[in-house]
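Labels run A, B, C and D following the written order; every chain starts at residue 1.
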Amino acid sequence: MSKKVYPNAKAALDGLLSDGMMIMAGGFGLCAIPENLILALRDSGVKNLTVVSNNCGVDDFGLGILLQTRQIKKMISSYVGENATFAKQFLDGELELEFNPQGTLAERCRAGGAGIPAFFTKTGVGTVVAEGKETREFNGEAYIMETALVAELSIVKAWKGDKNGNLVYRRTARNFNPPMATAGRVTIAEVEELVEVGQLDPNHIHTPGIYVNRIIQGARYEKRIERRTVRK
Amino acid sequence: MSKKVYPNAKAALDGLLSDGMMIMAGGFGLCAIPENLILALRDSGVKNLTVVSNNCGVDDFGLGILLQTRQIKKMISSYVGENATFAKQFLDGELELEFNPQGTLAERCRAGGAGIPAFFTKTGVGTVVAEGKETREFNGEAYIMETALVAELSIVKAWKGDKNGNLVYRRTARNFNPPMATAGRVTIAEVEELVEVGQLDPNHIHTPGIYVNRIIQGARYEKRIERRTVRK
Amino acid sequence: MPWTLEQMCRLAAAELKDGYYVNLGIGMPTEVANYIPDGVSVTLQSENGMLGMGPFPSENEVDADLINAGKQTISELPESVYFDSAESFAMIRGGHIDMSILGALQVAGNGDLANWMIPGKMVKGMGGAMDLVAGVKRVVVLMEHNAKDGSAKLVKSCSLPLTGKAVVDLVITDLGVFEIDQKGMKLIEKAPDISVDEIKKRTEAPFTH
Amino acid sequence: MPWTLEQMCRLAAAELKDGYYVNLGIGMPTEVANYIPDGVSVTLQSENGMLGMGPFPSENEVDADLINAGKQTISELPESVYFDSAESFAMIRGGHIDMSILGALQVAGNGDLANWMIPGKMVKGMGGAMDLVAGVKRVVVLMEHNAKDGSAKLVKSCSLPLTGKAVVDLVITDLGVFEIDQKGMKLIEKAPDISVDEIKKRTEAPFTH
């Protein structure tokens, strides 16, 4: 089963990339993004990507790197306010954008992994988000139907992982990584620390290894902080 | 916040019961059932209950106790094969029964807690389970629509819990308890060990206390084993 | 005399009840945490995956793995709990959060809320705002009564793209506190020495009082 | 000569590939775990919430908190992982389990499966069977070729209530191995000294060979 372990990000991506594909990337802001896999995606030169990610990094870090190289064709996100490159490419018409409410985005990924092609939610009723979507009443309240997201590739970042692909996250660095790990036809995880099978508490695995096809220990983590705020 | 802690099962149920109500009860077989709360339900004399639970205990333990006292009017379950009292009352027409596939049952509870009134699943397409339900195609495959379950009261059993209602489960004793804990308008948890806030690892809480309104340390746990099988 | 920001925050804080689970929006709503009355214990939710959000950290506590929904570094409390984004929004959508306090661009007399987008300006995205207003039990808006150009923010009908329809329960501005229900908007408290007439003049939405 | 139970289990075990995640039904399918070929490592899922299910425990390992979907006590392995029922069936429904090996009452030539209910007898419930056959990538049925009364179990059309429609990919009986796809059922292997004619006589469903 340790066939899941790859030596580095480049090797882990081998054979999985094609222009125009859809990739999900975990993380919230710059917190717990798959830093090493994003760099390897840049180096691969893969183009015209549709990327599902809550945010799009900043100009020179995270997914922003793939904007600079113009490898992204379309983003499916909930918030992209931190990125000037994004604003420019979007206003220039070079970049497509689909906004999803954050909870709807998370649930669409969860549904994709769970074999649920569509679900109903109150979120977005009566807003631009509801346009073109089926609306239906349940118990006298209006809901809209949202569909599942399944990506050809999901890249996620965890704190610790074992050689079977079991993952554990730390603090708020969990965020979108677990639902996205379930929703990739292939999922690659990068971890700060790769351990032997049996070293993680079986009661406290956040992402069971069944969802993870390939795993690497990241070469290096910058873990950049977007807004450093401290108590006076 | 320690206002969530009650001295015993009887006190925890105080003011919440009414004849004809719907109650969800966690557990799988006899594993991790809310033993103390079931006994207190028996003693309360509440009648005509609709009970959502994967199974219905055995004749003299678990929910079987409430069958013996004829307090249950209807079961929503996936498997009730272990219970002769059940068979008798059902064949006598005293007991209503709604079978749900086990995964559909779990997902209906999860949906109830997550504000999702309905979802689509492949499970049960073309079977008796699909009767009367909407069928729809997504990507050329047929799915049926299932609706959420929300109970007036959920009773669950965990291993450890803290005074804010945060819960941790042990081994396969997790089962239906977490999704059901989210789907009660009121949820009561009983635990083997009640600890102070801060004693559970915040990265490894299975049920966040926000879902738990009342919590007790169970007076006594029999933890009966249904099928004791050992290696020769 | 219009209320100060601090007074507005105190009014919002007075809406919090002991034991509440609360989500505070970015900006002024975040400040409300500093004015929670003694004897009232609330748990703050951060929609990126945390209950029991602590204050900004000391220098040596700063942790890249511990941020709030505004991407600011924060700290852990004894009661903190972490979870993923799907679980976080299951909690929000499922009605388990008691109150959300949010800023707004416009609120209509029927409770429609616009707070995520100004057409013509760069779109940043709605983040979790649509989920919060759809799912949270009670939605309180905390905002200046008028926009910088003096235009009304309490309007007959929102001209800006909506965040949610009929979702606002209470609006606290520097001039007054307005309750919104199915019958419409009602002024229930006003800042000292501010007349109802003045409020009417500066409000487009009809309201009772 | 029809295959023995052990031979049938070995045939089923030969379907397992290294690295597979597998769910084994109650009864004969459970036995397949004892015949997994050397060099093939599979992870067993138990739908009550476990991956990496171990064998029955020794006397002093017995734990009421550690059971399989048949409610039998089991043991933990180094690679074991626990989760709740919603997650377990998300895994099953989402197509993450590679193979399920199940028993059957009837299988139709188009892959319809009946294995949960005999009308007139006490209904016990479908448990997780409908979820498994709907969600698992490859469904293998392991059963006797004929019922105790001699009637065919490989039928033109199931007379018993269905567990799933067109869900079975392979059937292993004591007489032969049958592949099922959109073109229908095909005999791909038969027990030694059993003629195709004999199999046809004891089979109601049409099949090619």
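Criterion: a contact is a pair of C-beta atoms (placed from the backbone, for glycine too) under 8 Å apart; a residue touches a chain by one contact, two chains touch by 3 or more.
If you're wondering where the values come from, they're calculated on a predicted model, not measured in any experiment.
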item: Most remote chain, CA-based centroid, reference being subunit D; value: C
item: Of B-D and A-D, pair with higher C-beta contact tally; value: B-D
item: Distance between chain centroids, defined by C-alpha means - subunit A, subunit B (Å); value: 33
item: Inter-centroid spacing, subunit D versus subunit A (mean Cα positions, whole Å); value: 35
item: Whole-Å gap between the CA centroids of subunit A and subunit C; value: 28
item: Residues of subunit C whose C-beta touches two or more other chains; value: 76, 82-83, 89-90, 92-93, 135
item: Per-residue multi-chain contacts in subunit A, two or more chains; value: 107, 110, 114-116, 121-122, 169-171, 202-203
item: Interchain contacts (touch definition) - all pairs; value: A-B, A-C, A-D, B-C, B-D
item: List of subunit A residues in touch with subunit C within their complex; value: 28-32, 54, 77-82, 87, 90-91, 97, 99, 101-104, 106-107, 109-110, 121-129, 159, 169-179, 206, 223-231
item: Touching residues on subunit A, where the partner in the complex is subunit B; value: 107, 111, 114-122, 138-139, 141, 143, 147, 168-171, 201-204
item: In the complex, subunit A residues that touch subunit D; value: 1, 3, 110, 112-116, 164, 166, 182, 197-198, 202-203, 205, 208-211
item: Of all residues in subunit C, those that touch subunit A in their complex; value: 46-50, 55-59, 62-68, 70-76, 82-86, 88-90, 92-93, 112, 122-131, 134-135, 161-166
item: Residue ranges of subunit C touching subunit B (in the complex, touch as defined); value: 18-19, 21, 41, 43, 45, 51-52, 76, 78-83, 87, 89-97, 135
